[in-house]
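You will see two complexes here that share chain A, one where it goes with chain B and one where it goes with chain C.
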Partner chain A sequence: MAFDIKNPGLATTVQDQGRRGHYNVGIPQSGSMDQYSAELGNVLVGNTAQEAVLECTYLGPVLTTDTDAVIAVTGAPVEVRINGEARPQWTRLQLNAGDELSFGVIRGGTRYYIAVQGGIDVPEVLGSRSTYSLGAIGGFHGRKLEAGDQVPVGSPLNGGALPDADTVPEEFRPVFEKEQAVRIVLGLYDHRLTDEGLDNLLNGEWKVTPVADRMGLRYSGPGVSWKEREQPFGAGSDPSNIVDAGYAVGSIQIPGGTQPIILHRDAVSGGGYAMVGTVISADMDLVARAAPGTSTRFIAVSLEEALVARKELAERKKNARAALGAHS
Partner chain B sequence: MSSPEPAVLEARYTWGGDEFLFVEVSESMSLAANFKVMSIAAKLSAMELPGIVDVCPANASLLVRFDPDVLPPSTLEETVRTVEGDLTHHQDQALETRIVEVPVWYDDPFTKEVAERFREGFHQEPGGTDIDYAAKVNNLKDAAEFIQRHHEQPWLVSMVGFVAGLPFLFQLVEREKQLEVPKYLSPRTDTPKLTVGHGGCFGCIYSVRGAGGYQMFGVAAAPIFDPTQSLADFKDFMVFFKPGDIVKFKPVNEAEYDGIQAEITAGTFRYRQVPVTFDLSKALANPEGYNQELMEALNGV
Partner chain C sequence: MATIVSPLPGIFYRKPGPGKPPFANEGDTIEVGQTLGIIEIMKQFTEIQSDVAGTLESFEVNEGDMVNPGDAIVVVREG
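Let's look at the complex of A and B:
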């Protein structure tokens, strides 16, 4: 069973929950940028959270299926079409052999997800099916999809059992807004910022620029200033430089003090720019949904608050599963 | 070393959100700091503590990814602090590693072609070459002397990362002999695969084609990242380098470079390499003498 890609869309890749344990050699975690949306798509079609999905960026693919398939489209708001007819998102849909799946124009956010019963069945590389394009590993031959690709789909899990409900209730769907409050834990090299620089970071309005992809998102805003110092040996000459170090996923660096960059799931694993804080794990999906122009405020929280938010997100996923009557 | 190295004091602990602990061993780069980082990383990894996802040693700091649902942050910090405390005599320790000969075509046409596309607005000296600039800022006579200095003494892989399998390299010489070159003014959007680069005091080999800001001096002849794992050196893992590896660059000319390409195509290429014990105190006491010993280990391989 396979999806036949007629038109690949802008950047459609195979993703799952990500690749763990190889960050120490520069292989990023990858995985669906908006894990929450991808996971609920999987739940709708009777998959576990681990199954691979197709991540679509702004412009989705046009594909046909060679056998009957059960799918769901979650994530950013977009018109879903089967043989040209509009169908709802966040709902389980039936595709019959030969049907064509296509998409309208995205109405907010950045990425939506096609989950299919049985999951996208590409081989695992280092324990994951996620695509890491720069290293050309995982996913479909290590790259985004192209026209003519035959993307394999796995067999249904759990004897084809599906959750009782076929639609994710409104209360469990994420919102895609043009304003975001992103919670961060200050730290790493925040002590290198001046008081004014820290004040700008936390009280300024920052806008997502078009320079935003799976590696990271760049923001424009008031800029920050760094404390003057004699740079340590090996650190480089700019006050925003450090001796090249490991980068936390979600960390915020501000090269030259001008435009902050939040590193996301395909980020480089290290480099020579000072990080001043890190987006909490519970808000990484939120950042992933931020389209260019999104007005953003960074809210400093404690590590303890970050852990509470993490538990709340896990609870929300559990409740969403329960609301759907999921069996897997 | 002959010049006083800053003492490596107690590390600084700080959080990268709720999944990362960052341990800064030293603000500045030194062999002693890197050695301490590697010792902490090795000890921590060997503990196989449930909830530790990644232990990432870097040049002078360490990043630990953990799952706070399994391992509470306070327990992790306490554990790493204990490991650090136990290493107060870390300078007595030796590192079991290997020395690897890496053939490089210096001043090659591939990096030259790319460099020519990124001059005005990118490079400090748009009218010149990266090697000439590097020679000048290091007060060396010419490019040939820079190349000589680059390959005559070995380098330590002080970190692997940025992109898949990219080694950061720290030359095993006194601080005043270390080659220092500023990065490009603005990063390039293109760097040939296997470019031998340099930024600040660090050398590197770009494992994949892509963006980069380091000066470009040449191209390594053989792969260091092989997702297909077709060559024997990649049988166990697609990434060749590990932190702690010692690298001896060997200059090759075009004909030798082509010969290596033929071996790679035939699937017969293997890196010349041999296990060695790296002793920090010997390296600090007499770097070049000790390097001689290390390099001699490669003879007859």
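Let's look at the complex of A and C:
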């Protein structure tokens, strides 16, 4: 059982929950950028949260299936088409052998997900099916999909059991807006910013630039200034430079003090830019949904507040599963 | 009149590269599938092609402008 890729779209990759535990040797976690949307797609088709899905970026693929398949499309708003006919998102859909799946123009956000019963069945690499394109590992031959690819689909899990409901209720769907408030925990190097620099970071309006991908998102805005200091041995000459250090996923660096970059799921694991803050884990999916032009404010929260937000997100997922009557 | 819209966000360019002539100009006769410009996003260039035949009436965005999905790029007078 396979999907035949007629047109791959812009950057369609196989992703799952990610490849944990290798960041210390430079291999990022990868995985679906919008984990929440990908997971609910999996729930709709009777998968566990671990199955691999297809992540579609802006321009989706055109594909046909060689056998009957149960799918769901979640994530950014887009018209789903089966044999050219419009179908809803966030709903379980039946594909019959030979059917063609395609998409209209994305109406917001960045990425939508195709989940299929049984999951995308590529081999695991270091414990994950996620594609890390830059490192050419995982996913489908370590790369984004190309025309002519036959992407294997697994057998239904759990005896083919599906959740009782076939549609994710509106209240459990994320919003895809052009304005975001992103919560961050300050540190480790926010003390290197001037008072004005910190004020600009937390009270300025920052816009996502077109330079945004799975590695990171670059923002434009008022810029920040750094305190004067004699740069230590081993650090670059710009005040935004530090002696090389490990980067956290979600950490924010501001090279030269002009355009902040939020590192995302395919980010490099270390380097020589001061990290002024880190996006809390509960808001990483939100950042992943930010299309170019999205107006963003950074809200400083405490570690305690970040942990509460993480619990709330886990609770929301649990409630969404319960609302669907998921068995997996 | 037919409006050709961008299917994705990015930076719009009318030329295939710096110093090269534009893909198309106002008043040109346009065929179905003809490339009218390119959009750069995530270090990739996606061609914007006409889905109608006719005469290129106007460009709705300038070289180097940021566009969003669904934004009008080009207006073509059909026929």
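By definition in this document, the second predicted complex is superposed on the first by the 328 of 328 C-alpha atoms of A that agree within 3 Å, B and C clash if a C-alpha of one lies under 4 Å from a C-alpha of the other, contacts with A are read in each partner's own complex, and residues count from 1 in each chain.
Here, a contact is a pair of C-beta atoms (placed from the backbone, for glycine too) under 8 Å apart; a residue touches a chain by one contact, two chains touch by 3 or more.
Note that the structure is a prediction, hence the values are computed from the model and not measured.
On the shared subunit chain A, the superposed partners chain B and chain C are arranged side by side without overlap.
Judged by the touch definition given at the top, the superposed model places A:Gly234 against chain B, while chain C stays out of reach. Between chain B and chain C, it is B that contacts the larger number of residues in chain A.
By the touch criterion stated above, A:Gly270 is placed in contact with chain B alone, chain C being left untouched.
Rounded to the nearest 10, the angle made at the CA centre of chain A by the CA centres of chain B and chain C in the overlaid structures is 100 degrees.
In the overlay built on the shared chain, the residue A:Thr278 is in contact with chain B alone; chain C does not reach it. After overlaying the two complexes on the shared chain, residue contacts for A:Tyr58 are found with chain C alone; chain B is out of touch.
With chain A used as the common frame, chain B approaches chain C to a shortest CA-CA distance of 10 Å. Residues 5, 7-11, 40-44, 46, 66, 68-70 of chain C are the ones that touch chain A when the two sit in their complex. Against chain A, in their complex, chain B makes its touches with residues 14-20, 22, 24, 26-30, 53-63, 65, 68-69, 73, 159-166, 168, 175, 182-183, 199-202, 207-208, 210, 225, 227, 238-239, 241-243. Within the complex formed with chain C, the chain A residues making contact are 10-11, 57-59, 105-107, 210, 212-213, 291-293. Against chain B, the residues of chain A that register as touching in their complex are 20-27, 125-126, 132, 134-137, 142, 184-185, 187-188, 232-237, 241-251, 268-272, 275, 277-281, 303, 306-307, 310, 314.
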